[in-house]
């Protein structure tokens, strides 16, 4: 694994747990974790349960005891590491968004195609597909419970930037993060909407905004910015929020909103689909629940029902607890590890693939383009057949 | 009152009840109701409590015992009746949307200005401003409880057109209704968002869609289409749904969605505002509740609180029941009647005025224009100073 | 109508509105209202829409233009007025609880039986049976949607006595009110539970409590206690709260709680039934909703569904607004008036009858007896066959 | 650890994870797991991460590399194992309920007192105290946010016995399980109510019921009942449901309900407290949320607020994910492990202690006694001072 901050801790919990809960065809061994600061990465290895620590990812990907490289770094290093790892004959799991640009994502998808031919697999970490309620939603749409989908509406609302004195972190720096709420939150909801609806976004019309354009510089070693004093300010170079409307391939209308300025909304990834035969609604703040309205029932006794997605025949639930004993956020990483191990053991293509990640990247790029062009409707190029 | 269908029944309940519940400076007398079918309008007068029935609105507005004309007809007749009534020296209450076009709305606003100079008042029936929770929301924003508003998101979701066999009614005919979900539902949410936020929409980017382009013709006298058989179909000439993003005067980002295709959503007018100091959320399907998050409190004990808007010091509640004994939909018409009577008694301008209705009409026109122009951002002309 | 305070205002709204909204076989005329204070009752008549005012209920019940007497006074006068009115050949609607003691209630039920033989009808005002969601719940249980009922749990939580400085009103005086939360709130939930479950409570085990035993005396004419200063205190002679468990005739277990000390709960009448085939849940603070779980469905897609009880084929909804346009508290009085008018027009026994009111009174008496006897299980005598 | 079924798996997840997420003063090593079936326990050790497997708990508690014995067996073996382990100089964590009888619990509490004097600690596994929302609730009550508590109402509703064909498992056998819903679910809610309220139950009045008195015998080796055919039936010897009212030491009224017959309720442990200054409400099916009403605020802007208990300064949250990224059921076992390790490292008494477990056992015994004695109010003996 490369990187051991928030995402690294979450992935580690996934790797430690998957084989203890699920029957896996292969048991993952946590060989080594990599970071630039030697003592910090050794402490992280000890804490998180990795057998060894490395300070150079190039060394890591040459290790013989490493068959899979899990990339948990900021987006600006994804392409370089992932392509090198794939070319070195390793399977790769890469955090989302796949890259900071369409060009990088295309190169990564190409590398994944080459690797696939040699037997290596590449997967992108859109972990919310592994919330059981989202996997169930996908199944229900695929089973026709919604009929033709008319509307998709998705928001991802957080509030950690409401305070104008929150400092500049790497997530607010375009060079490192690529974009702001759009790439961080918008990437999740574009992938999730397409996954659940089972069809791609084909065009968007967008507005973006940076509400607070300057913020205090970070102080302290934790940010690697020891020269910066708290008194100074620096520019925010990414979006604070993005709102966009879209059309899906079927003709459905969609709306998206990603923001870090929704006071009181902590992790409100909300998704609703309305179809001819039914509707689904979900809120990540209540991730064990899926709301379903069956429009084929008599109106007098129908309504949105709250399915507690904790039954033994729900996706991923065969290995967990009795009904009503809910799961949490990091279970998505356990499920991600499980699914990737199965894909590797069986040699099947994992989903979401790098091609899926590239498609999301194209949507994000179209959002930025539309926002720059007076919100003009901007089509998304379809993926090439070989994708 | 002109018209006695759904809106006519609701307005009648308002006029019958306002003086029985509130202390009014004037007691409204229900002089006459008007409709084209003589026996039907007489039955309606008897049922709804009007002293007389008329079959020609021109006669109605000449009656000496009529000081106020309440217009509850489809939008295509609003301008003619309202302007004539104002010019005849009557006060006017006109259902929303104010008109079927900006041109008509401008003429109506001009007539209202002329009438105002003579002492007559004109009000447009955006009744949802009179939901106590919405009046409270407006107060809280005005009191600064939200600080600078960053986001407004509003939907108005219904589902009565999901079935493709639902017949063509006047609401699906552009000539009578002006537009579809946009004018019917979108007008409400544009007005309500501007009212609660306390600032106008200054530009929009929009998509509209007609999912079902042909529907069975209405049969039966009730539709005035006796020649049409149920076997035939006719074209739907209005939108089924409209989604649009917007900017408000302060720079806040907004998103709007109006649709009649959201299976399971019966009357889901949902409004959320996020500001620097707090957030508000509302759902018309639970109209006695307002959710409020106070972002100035410590995070550890804060969260969206559900205010039951039924306290004696909440707007309009001084006259109703003890806390927790909720109100319903038609109470908005009782409150509308109350407020208009107070305005007439005191000679003060009622709100929303015809100028407010015109402004909403301009937003709706910009939505249609943007939808036709590839979703390009379309500014809303500001109201002239004399408005 | 006798009495014109809170209940009188609510009943008046019912009488004014029923014939304007529903097709009634008879149109009620609001002949006269009665109260002891002449000028106050005349003002109330004018405000509420009654043609005349009386100051002695004995005079009222002798009027030839009065066929129905609606009793909205405190419980200590119910028996005398109701029996006299029935014996005078009038139909009677009496507010709940039917009386302040089982003895009074028995006399009233006997009077109702005598009157019934002569063609007069008597009804008790358990208005919550007329919440559409509750009528729907009753239908669903009767239709077997729940199968054998195992559990009933009902609470009625209010909070207007939490403040120890809230003054002594008539509702806190045993002589006038009979009991406290038990008779006021408990009567409602006992009736409602039995109505929805379709079977009687057969025994109870209870605890009651008076948390604040002294309160400030009322000042001012409104209380008829002008001699009392705010400085003095007087004893609270009724219960503040009652909790009891019960068995129903079928063997189901039930729990009840009535209190005026549940801070933040304004009108939380919550009812849940669990049966072999399904469950129902309701909260009066969201009175347009009924939650239903269908246990015969596959667990993977089942859950409590929120039925918006606003469809045209829901009870009472044929006359109101489109789906999703909710009703409020006082609609229960409109429905009560409608149902009583139908009963009178057709000569059929209205429900709840005085016998139903007597049965509730026996449950309340058993609760008090159990609370006095160390919570010992106390059976409820069955109603005699002629009831 | 003794036992490796549902509870064993949950505890193992706790032990594996605690030191990887929290900074612990000691790092737990998972030395050995014990079960009667040799091959099954070896498979469990491999799966769950235990270094060794034992088939006799007496051997296990003699191992030098074992300092702590975690007991995850059915209740009938708790006393014997726990007392032996404590007497052998081991710390003990014992699943709830502490024992199957008051006598056993008293012996265990006495053993814990003796062990405490020698430096060994004993803790009982009421894991729901470790739901962050419950720990926060306890803090808020202790901080006086509720003032004097007037009402406590708690239910624990499940539905896995609704189907009369669900077979007889050990949980339905009095000899193994001690009691039914009462000991399994009721023990949790009695402990939790006392913990959050900060005061003991002092007396109860109860009803219990067994709705389905015979069930199919288990077949198959998994039940250790290979001779039994599916055609036969056996008696259910425990309660299916228990409802009881109670008084707390402060005079507050409480109501409790534990059942396995609430169709559609999967794990509905619901707790509400109403105090003079505020109220709290919780539902285990939404375990990341705590509802709080602050009654000291103006009524016009107050209401139950939904606190997402995922902030960094909430109990246990310092080590987990960003706000809004919720936890699940098994996190309570991670927290339990963390707290016990801290207690051992610092030599402080863990909570809940065996004395706490004994007190709960006395409440459960009083519930059974009251149910047998016609629901008569039954006081709970206070714990002796040395407890």
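First chain written, first letter: the chains are A, B, C and D, and each begins at residue 1.
Keep this in mind: contacts are C-beta pairs under 8 Å (C-beta built on N, C-alpha and C of every residue); 3 or more make two chains touch, one makes a residue touch a chain.
Which chain is which protein? Per UniProt: A, B, C, D = Gfo/Idh/MocA family protein.
Every value quoted in this text rests on a predicted model; they were computed, and no experiment measured them.
Chains that touch both chain A (Gfo/Idh/MocA family protein) and chain D (Gfo/Idh/MocA family protein): B, C. The interface holding more C-beta pairs in contact, when B-C is weighed against A-C, is B-C.
Once the centre of each chain is set as its mean CA position, chain A (Gfo/Idh/MocA family protein) and chain B (Gfo/Idh/MocA family protein) turn out to be 41 Å apart.
Centre-to-centre separation of chain A (Gfo/Idh/MocA family protein) and chain C (Gfo/Idh/MocA family protein), using mean CA positions: 54 Å. Chain B (Gfo/Idh/MocA family protein) and chain C (Gfo/Idh/MocA family protein) have Cα centroids lying 36 Å from one another. The multi-chain contact residues of chain A (Gfo/Idh/MocA family protein), meaning those touching 2 or more other chains, are 265, 293, 302-304, 308, 323. Against chain D (Gfo/Idh/MocA family protein), in their complex, chain B (Gfo/Idh/MocA family protein) makes its touches with residues 136, 140, 292-293, 299-308, 311, 313-314, 323. Considering their complex, residues 150-151, 153, 155, 157, 159, 162, 164, 205-207, 209, 211, 241, 243-245, 247, 251, 253-255, 257, 259, 261-265, 274-279, 293, 295, 302-304, 370, 374-377 of chain C (Gfo/Idh/MocA family protein) touch chain D (Gfo/Idh/MocA family protein). On the chain B (Gfo/Idh/MocA family protein) side of its complex with chain C (Gfo/Idh/MocA family protein), the touching residues are 6, 9-10, 12-13, 16-17, 20-21, 47-49, 158, 160, 265-268, 284-288, 308, 310, 321-331.
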